[in-house]
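Shared between the two complexes below is subunit A, which pairs with subunit B and subunit C, respectively.
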Partner chain A sequence: MVLAEQNISDTEKLEFQPKILGFVCNWCSYGGADAAGQLHLNYPVNTRLIRVMCSGRVDPQLMIDALKKADLVFVAGCHLPNDCHYKTGNHFARTRVTLMQSTLHHLGINPERLQMIFISPSEAKEFASAMKELTEVASNLGPNPLRIENENEEQVKIL
Partner chain B sequence: MSKLKIAFHWLASCGGCEVSLLDIDDVILEVAAIADIVFMPLAVDGKWSDINAMDDREIDISFINGAVRNDDNIHEIKILRQKSKIVVAYGQCSTSGGIIGLGNTFNVSDLLEYAYKDAPSVDNPNPEVNIPSPIYEENGIVLTLPTLNDQVTAIDQHIDVDYYLPGCPPPVPKIVNAIIAIRDNKLPSKGAFLTSSKSVCDECSRTRSERRDIKITEFKRPHEIIPGELDDEKCLLEQGVICLGPITRSCGEHYCMDVNMPCRGCMGLTPDTRDPAAKMVSVISQFSAHMTDEEVKKLTQSIVDPVGLFYRFSFPKSMIKKSLYKEV
Partner chain C sequence: MIRSSYKDKIHPNKNIGVFVCKCGHNIAEYIDVQEVVDEVKKDEVVKIAVFDEHTCSLAGQQRIKDAIKEYNLDAVVISACSPKVHEGTFQKCIKEAGLNESMLSISNIREQCSWAHGHGKKTDTAPITEKAIDVTKMGIERAKYLTPLEERFTDVVTHAVVIGGGIAGIQAALDIANSGYKVTLIEREASIGGKMAKFNKVFPTNDCSACILTPKMNEVAENQNIRLLTLTEVLDFKGSIGDFTVTVNKKARYVTDACTFCDTCSQWCPIKIPNPFNMDMDNRKAISRVFESAVPARYYIEPDYCTKLLKDKCGACKIKCPVDAIDFTMQDELEDIKAGAVIVATGFKAYEPINELTHLNYGNSKNIITLLTSERLLAANGCSGGELWRPSDMTIPNSIAFVLCVGSRDEQVNFEACSRACCMATIKNASLVKERYPDTNIAIFYIDIRTFGKGYEEAYIRAQKLGIRFIKAKPASVRVKPGTESVIVEYEDFLTPQGMKPVRKEEFELAVYATGMRPADGAVELGHMLGLSTDKYGFFMEAHPKLRPVDSTVDGIFLAGTCQYPKDIPDTVAQSSGAAAKVINLFSKGQIKAEPAWAQIPKELCSGCRTCETVCPYNAIHMTQENGKMYAEVNPNLCKACGLCSATCPTGIINAPSYCDEALYAQIQLAFR
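Moving on, here comes the complex of A and B:
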């Protein structure tokens, strides 16, 4: 038994533009993203960010919601172990992402489609290079089999 | 007063819901007093031609148990829906897929191959030929079998359902309450679950300390627990045993936790749970503050089958619904 998705051909890779959705914590990670913007750093346009107050606020159900619309989803939080504005939110986010990766793997979805990263407000360059890296990972993974193109839930109910 | 006409039908089912009717002991006499069974494949003779000949809405209540696995199931529930005033999804399989829903962890072709070729107890001399197929033709005669659907589904994904009686099987007090509500014409509004919306945790007799410094690096499966090792009064989750109480509807008087077994989730999901695995990941993560990455890895590895564990009774109604994979 192998995962449903297999590596796509090189020509397909050139044409495929992944969609990446990121949940970014207000205090550290969004600060880092903002700093990258202020410094006019370049990074691929494939990512969309959703600002949340804390990475610990991201319910795993939201991670699955995001995986139905994007090819790769990431949660960005403050550095472990002590940087979280709310003390332990990033601890919980880290564990949730790890456990969800295991669940996705058992469901036949590549666990690399869900990632956790840590960015501090001064790490503008690190944010830009993380976005570059995630876009490359997403391009290599290919289209997400979970992704449904239109809003109609009916499509997922019965194949 | 004329008796109610009731039907009790099964789809892909283990038969346990039919047996649960016997569990209600002498309340069955109350059922006999108020109702006539017009259709119940397990217990009484009846033909689909009789059902087809009925007027629309002639059956007062149809209780349907079992999950939808093939085309025949869909065909039959559509007929029963047309001929019934009220349809009740009886048991967890018809409510949310139940155990049968775990069939969605495999593709249909793999299920058939395992059952007719690869299972250790199978001796099939010609597996290419001796395997069920939807059509068979010989001497000009064409025979058909129902086709297995790609996914197991619950009945409300095909027909309008009036009430749900969840459980695997529904607990006796809930069945009795439902019968009394039917007898006294006191059923709630359409679409209701004939049971509590609270979670098992709300009514569990064990105590939660809710301390924020509990750290669990390894969850134990029931067979790994040494007898006497656990405290009888304290919450099982806080002692490192995965209990699905937080996401499961409460079941009534007798709880598995009272006999030292963690909740399996057989009453189905609370109304606000869209995906049981996602919610339980959150529940388990609460014990991970100040853990190192290695400890988190150990914790993850101690949960060896998250799909079978968390999705056991509601896979078709979860957010992902099906395992995706290809054979090598």
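Moving on, here comes the complex of A and C:
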């Protein structure tokens, strides 16, 4: 089956609630997410975060697994080049996301569905803005064909 | 990496308890905890699911302990505030009930749910509750795959390193040394004392700064437990709490400790250079002392200026020295210092509006100076005999304008913070001058007057009674009056009475800018070396702004003084003693808990490709041979459980405990209903 991004109408875009799944590193970006909450900075409720110790923990297989469940997936790590708590993990995360974006492109999936962001523990505002921005990007992209296909397969299994 | 087996693996834990917290109304306001509990109960693996007002309270914790025993739980899920707040609390709680500490999964439904999505009475709470249910279920999935981890302990090296020899570093070093532990105090200048050694008097008592500082400096010199390294900088930094290695460069002083501080060398030295201690307002020689109460009490030679060191000419100081204390053969020396804890006390740098705030014309007149320069002029050991004179012609000014908040509370220069000490320092200096020369026209231009501390408001009232004019205005411009070195301040007085003109121009013979604090030069780079987080201004971040103000974001490294944020001397000394107490606490235990998780590589499955060995940031993986087969082995003392190897292994066999592939995959599956 050939996967391709479907163009959806503007009204559909307004009603569509995207699902955003993020892998956040324990030290920097999780701290930034907490800081955003401490300051009661609001961002859309569409996001779910999975805590990992380091953004370098996220291998490309997990990114694909996540893209079968969400419309947009992001990996959040400490700032380049020197902030990673484990020194080099964020570099690996950055490279893997870039390679996976290229792979998605070849699969016919919009590579914007996979993003890498960098947040430090003091960057509460930046985290909240990033969540808002990613939700908007996801809204404009419409439903993720990978997710839809996966959901259909699971329906078939149940039947 | 690609491992289909993890998707089908049966989870080991089958008796899970879920404890949801209302956190008063912090969570309950936007999340229906009853609904969360009802939903998660549907999973047959969940043997008990309840909610509490405050799960972290003693009653809440007792409920968890009772449930562990009653339902024979093998893992506990807490759905409450961030794990960064109470992970330790709940780990201790379940351990007391007989469960391994690592069998704990915490879901964040406060900082990352109710607090981030609730916005008052009009909030639609249904999606927030839905998210809380999803997040709790993810926590349950993670709990299903937790494995008990053995507790590990490492010895603590009971030797502290303090970086920075200002009042903050001095106080911390003294406190630790007086508790019986050894300290190495590292300072990059030739003498300790920092900024406080430059002040004339300190507010609000108007004590002479050097008089209260120098006894502490001398204590440092005499304390048997303190090793003082001056002209020393940190080059490299490794290790973790209890076992740091600080690599320092001890620069050559070229003067031995036979030096008696007699000043003969300096008098004979032909090289004059600007004296940074007096803000370059006067000169010193290539061989000199920082100031007359320097500790250590030894002269030093500036290698960039000394002709003997540069081109083997002169050497008069060595010839004339009565005790032969000068040694041109000294070399810089590297040393690795082992420490169990580090205190960072690198202080601040006074801001100077160079190429910024050009309307204030700093640098265009000798009579526009900073607050720190005014301190040096007023100081008894300065170059003006203690007079706040006009640097242009060394005359006593008839009028002085003090301008507050130059470079602070200012979006234009990306520094919205308040530098805390300038209001009081300015009031102190203005009052000193006004008491000495009552006819001087002194004006303080302010946005607000922040005299918050003990005795500060009283000093402000006294200053007003002395006749100092407090003008609520942020000057639109300070221009140099052509042909003179006086300034004209143009301002709009916010408190102008009705009927009078608010916009004024006034001439002053001297202008003093209360320029705020910035992190010291090299502090940000030092922070990178140590792994410290900084805020947007470059000040070091504390672990928690309210409850952990002296802990940095790295375990075992503590913060003291203005490097963490602008503050005055009483707050600095208090914070230093606090940091010292933390270090003493750590040392008194002798041991600390090491990271219990470490990467597991089953040797029978390892193909020996060495990819993990290449990526490990801590060199914790090495290849070993057994029965002719090569496989990867992890050193648990070096492994930090980051999971990089686990993600990189092409066969996907490396297990990162608590964050294993199975747990992450299961969390992804349940992320959205």
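The rule is simple: the second predicted complex is superposed on the first by the 142 of 159 C-alpha atoms of A that agree within 3 Å, B and C clash if a C-alpha of one lies under 4 Å from a C-alpha of the other, contacts with A are read in each partner's own complex, and residues count from 1 in each chain.
What we mean here is this: contacts are C-beta pairs under 8 Å (C-beta built on N, C-alpha and C of every residue); 3 or more make two chains touch, one makes a residue touch a chain.
Please read all numbers here as calculations on a predicted model, not as lab measurements.
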| item | value |
| --- | --- |
| Which superposed partner A:I148 touches (first subunit B, second subunit C, both, neither) | neither |
| Which of subunit B and subunit C A:T98 touches, first, second, both or neither | first |
| Subunit B versus subunit C, judged by how many residues of subunit A each one touches | C |
| Subunit C-contacting residues of subunit A that also contact subunit B | 59-61, 65, 88, 92, 96 |
| Contact set on subunit A toward subunit B in their complex | 1-6, 59-61, 63-65, 68, 81, 88, 91-92, 94-96, 98-100, 102-103, 106-109, 145-146, 156-159 |
| Subunit B residues touching subunit A - in the complex, by the definition given at the top | 149-151, 153, 157, 274-275, 277-279, 281-282, 284-286, 288-291, 293, 296-297, 299-300, 303, 305-307, 310, 319-328 |
| Residue numbers on subunit A that touch subunit C, as the complex places them | 19, 21, 27-28, 30-31, 33-34, 36-38, 40-45, 48-54, 56-62, 65-66, 69-70, 82-83, 85-89, 92, 96, 120-122, 128 |
| Parts of subunit C lying in touch with subunit A, wherever the complex brings them together | 1-3, 82-84, 108, 110-113, 115-119, 127-128, 130-131, 134-135, 138, 528, 531, 533-536, 541, 553, 615, 617-618, 640-644, 646-648, 652, 656, 659, 661, 664-665, 667-669, 671-672 |
